[in-house]
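Below are structures written as structure tokens.
Each of the two complexes below includes chain A, the first together with chain B, the second together with chain C.
For the complex of A and B:
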């Protein structure tokens, strides 16, 4: 297990290298001259040229990439052309709210989905199962910004139970932090919950029809034992898989959710960087998001081994 | 003493294309310590009978009728909790495919121990020890190590031994074995049959052996029930059935077994097959279900269903011509 884990961790290095080349190349081929953006609209061609030379934009691709990669390895993601702050610092300031949102959204998604998915599978074809199917389809079809505004109008504006928007850091007021995160996490988690719930139901149904479930019944196991001791562990591989794959869309959802709730996270930073054509920041953010995705899927691969003894690479 | 008494058991599946009568008016008894083989082709209703007796079918999709008594207690009217207390405890089950019948993500030791813990109060450790003891009894070498392994790490024969250990851990009075050797290699089949015979001596369990393999029947069974299209068509002691089969279907089955020494050069030169296929159970038949495939079928066979007739004290058969000597 340990050897496999190490192998898998080492394998993420070439993946991240490819991501780095891709991120750098993508911006290189993007139309628009960053030197012009940095210099501002009133700059003369000479000034632009000076910036171009100073930033190394006149060098060939591989030289630029080499310099960039070298700095990257020492933890230097460059400097924002807009705020003049180091990109690594900008990201570090903003990563907390986004991590809270992603984890909170994921936990809510799992809590809303897995129990209902199991219950629907155990009661296949009955009223609950049919209602479940309808609700998940409906919920999945509603874009998450609509869900967000709906939740705000009910729980914040209507009932006044929760704040409308904003973010309080946990070290300042932990209670306020939790209250403020409820609606954003719900907004982010609900759409994802539908997907996980459908996969849970389908996966449980598949497992429940297998022979070893009949064996468990023949031993005298009751329904709960069959569902939780025998079926769930077998059914959890597709669930874990969809959580890993869906993480990318969760990141996308976080960008929108942060905008709705005015949360100063990486999503907002991304939008700002794009509107300012702040290339170093965009590069840094894409790298961080990619690294997050790679890490989540590394975790998924390691969880597989814990769940299914047949998986050995 | 009668352990299991099945009377007029019928199992009807409700399908979108109409009712499917999988078991039709089946009656038989199993005495303490006796081995009864239920023999038939695929689709003859033999497995469904066993599942019906243990109430393991999805009863929202099928209807059971008749009577099933285990030591005088009616199982068809028992509630789910009562059935759970019986399953794995008084009645153990072994299934055909030991690969899929074992949970792939739970160690075999725990799967065996679970059967014990479900019915007897004991600690996890006691159950684990008991599981290891059972693994020893079913002839698995190095049981302490094997108990911590998963089904995919064992061979097919060992997996079936694990199934047997699991079924016998609570010393059931009745063991239902549904095609226990079908999925195994021939040499392993012989080992498993040996094991079942020796455990039958040790545990004194009665066995219902469901099979289509007459070789297995000859080695194990005291009594044989032949099923065709959901009905019992013949029943007798194993000796009787093999020596004096009465039903043309039974004769066909026996004729389809290859024998050493029978000349392949002779006038037949090949195995005798039973022509045709098992009838669609959704189509209600008027006469004998076997009539379309029977070479001795007469008009009466197509018009009326033959009832079971006792030809000797230990032999019953459902054929209009059972008492005549030459059929087919």
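For the complex of A and C:
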């Protein structure tokens, strides 16, 4: 187990290296002078030159990359062109709401998807299963912000149960924080739920058609015991996999969800960075989000071993 | 032996059940019902594509024409979907916007299918390149797509070409992985090994024996790419990092309606419904194609 874990951890290094080279190299493959891109078209030549020197663009590519990578490895993500603050600090200030949103969205997605997916698989071809398939395909096809607006129209503007938007930090008022996070987490979780639910159903159907399930039925095992103890355990690998792979879309969804609900997290920081053309911040955000995705998938690979002791690499 | 012949004879002599000639219409209808998802998705998609193509003759006006005297009108006989804050006719904008949204999705699908297939083939065929290419693809895939597109768009500036390029770069690794996996498993098939042994050149093997086997997974994956590309375009435009605001697209129209959506929700929901129907049609079509092509699922039925 330890050896496998170490191997998997080492395997993430080349992936992160590719991301780093890509994020850094982007600035150089885009047409035009990167200093002009960052300064904006209205900037004076002096401003452009100042940025060029500040960012080290006057030096050759490999020197720049070397310096950048060196700083990166010591945890320095660079300095914002707009606010002059260290990017790592800007990200640290904003990471809390985004983590809440991602975590809440994931929980809601799992709660909505796995039970319904199992139930649909157990009642294959019946009315519930057909309705389930239709609803998941439909939900899967609605862009996440439309879902957000629909939820706000119903629960905030119509029924007035929940706030329309805004974010209250949990240390200020925990109740208000929870209430405020319900709609954003639902918005984020619902689209993801469809994906997990479809995989759950397919994976359960696959397992339910296997011989050991027939044996369990034949020896008179309880229906629920078959579904949850026998089938779900064996069907869980694809479910965990899709949670890991789908985490990228969950992050993308979080950027949009934060902008609908005015949540001051990393997604908002991304949008602010775009409007200020603050490339060091965008670079830092892409790196941090990618690292998060890689870590989640590392965790998924380690969970495999817990779920299925036969897996050994 | 005699009995056998006797039985056969009897069978042959027995009056045949009345067999009506099956008409073409009935045959097609049976086929359409058998592949109901393909029929439903395909028809819906066809209708939406036709609406977009025929936009000029469907009672639309210039989607960019502003009319400051009739701003923010609710849906009426003159303006079926109402007007936006610049007095532009929303019905015309939604129909013309559909052209751009569908075209962007379709272009991304074609470009990423082509380049992705090429990369996948190279990776599966030239073994020493495989590790390098796949690590690059892994790296690209670990950047969340919306963020990758945002980073690309923020550097290159908004235009139709950059939107299509940015979304294609996101989708290429997914196609490349699929093609690589398919080709690797096809290479192990006896008929390919036989072709190699009998001295077929690499081009003949690739084009004659390997590529045909990738067609059905590629078509299925491509439909999803089309759907995903349209959603990403919408999200990018919605947050102001996508198609330039001067070009109507469903994302842009919703982005315009965003500021006023609490008072004029239809400005967001009407283009939203069109987009959802399109993505739904493509997804259902893709599901249908997958079921029709996948022999395992067909067997289970």
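Here is the rule we use: the second predicted complex is superposed on the first by the 294 of 313 C-alpha atoms of A that agree within 3 Å, B and C clash if a C-alpha of one lies under 4 Å from a C-alpha of the other, contacts with A are read in each partner's own complex, and residues count from 1 in each chain.
Everything that follows uses one rule, which is that a residue touches a chain if its C-beta (ideal position, glycine included) is under 8 Å from a C-beta of that chain, and two chains touch if they have at least 3 such contacts.
As the structure is a computational prediction, the values presented were derived from the model and not from experiment.
A.B. asks: Tell me which partner A:270 touches in the superposition: chain B (first), chain C (second), both or neither.
C.D. replies: In the superposed model, A:270 contacts chain C only, not chain B.
A.B. asks: Just checking: does A:252 make contact with chain B only, chain C only, both, or neither of them? Give me first, second, both or neither.
C.D. replies: second
A.B. asks: Mind working out whether A:194 is in touch with chain B, chain C, both or neither, as first, second, both or neither?
C.D. replies: Neither partner.
A.B. asks: Determine, under the contact definition given at the top, whether A:218 touches first (chain B), second (chain C), both, or neither.
C.D. replies: First partner only.
A.B. asks: Could you figure out whether chain B or chain C reaches more residues of chain A?
C.D. replies: Result: the larger residue contact count on chain A belongs to C.
A.B. asks: Tell me which partner A:145 touches in the superposition: chain B (first), chain C (second), both or neither.
C.D. replies: second
A.B. asks: Could you tell me if A:80 is touching chain B, chain C, both of them or neither one (first, second, both, neither)?
C.D. replies: Touch status of A:80: no partner.
A.B. asks: Which chain A residues qualify as touching chain B in the complex?
C.D. replies: That would be residues 210-212, 214-222, 225, 229-230, 233-234, 307-310 of chain A.
A.B. asks: Can you name the residues of chain C that touch chain A in the complex?
C.D. replies: Of all residues in chain C, those touching chain A are 135-136, 138-148, 150-156, 227, 231, 234-235, 238-241, 254, 261-262, 265, 268-269, 272, 275-276, 279-280, 283-284, 287, 300.
A.B. asks: Which residues of chain B touch chain A in the complex?
C.D. replies: Residues in contact with chain A: 54, 56, 81, 84-89, 92-93, 95, 97, 100-106, 114-115, 118-119, 150, 152, 163, 166-167.
A.B. asks: Which residues of chain A touch chain C once you look at their complex with the stated criterion?
C.D. replies: Touch list, chain A to chain C: 14-19, 21-23, 26-27, 30-31, 37, 137-138, 140-146, 149, 153, 157, 164, 209, 248-249, 251-253, 255-256, 259, 270-271, 273-275, 277, 279, 282-283, 285-286, 289-290, 293-294, 297.
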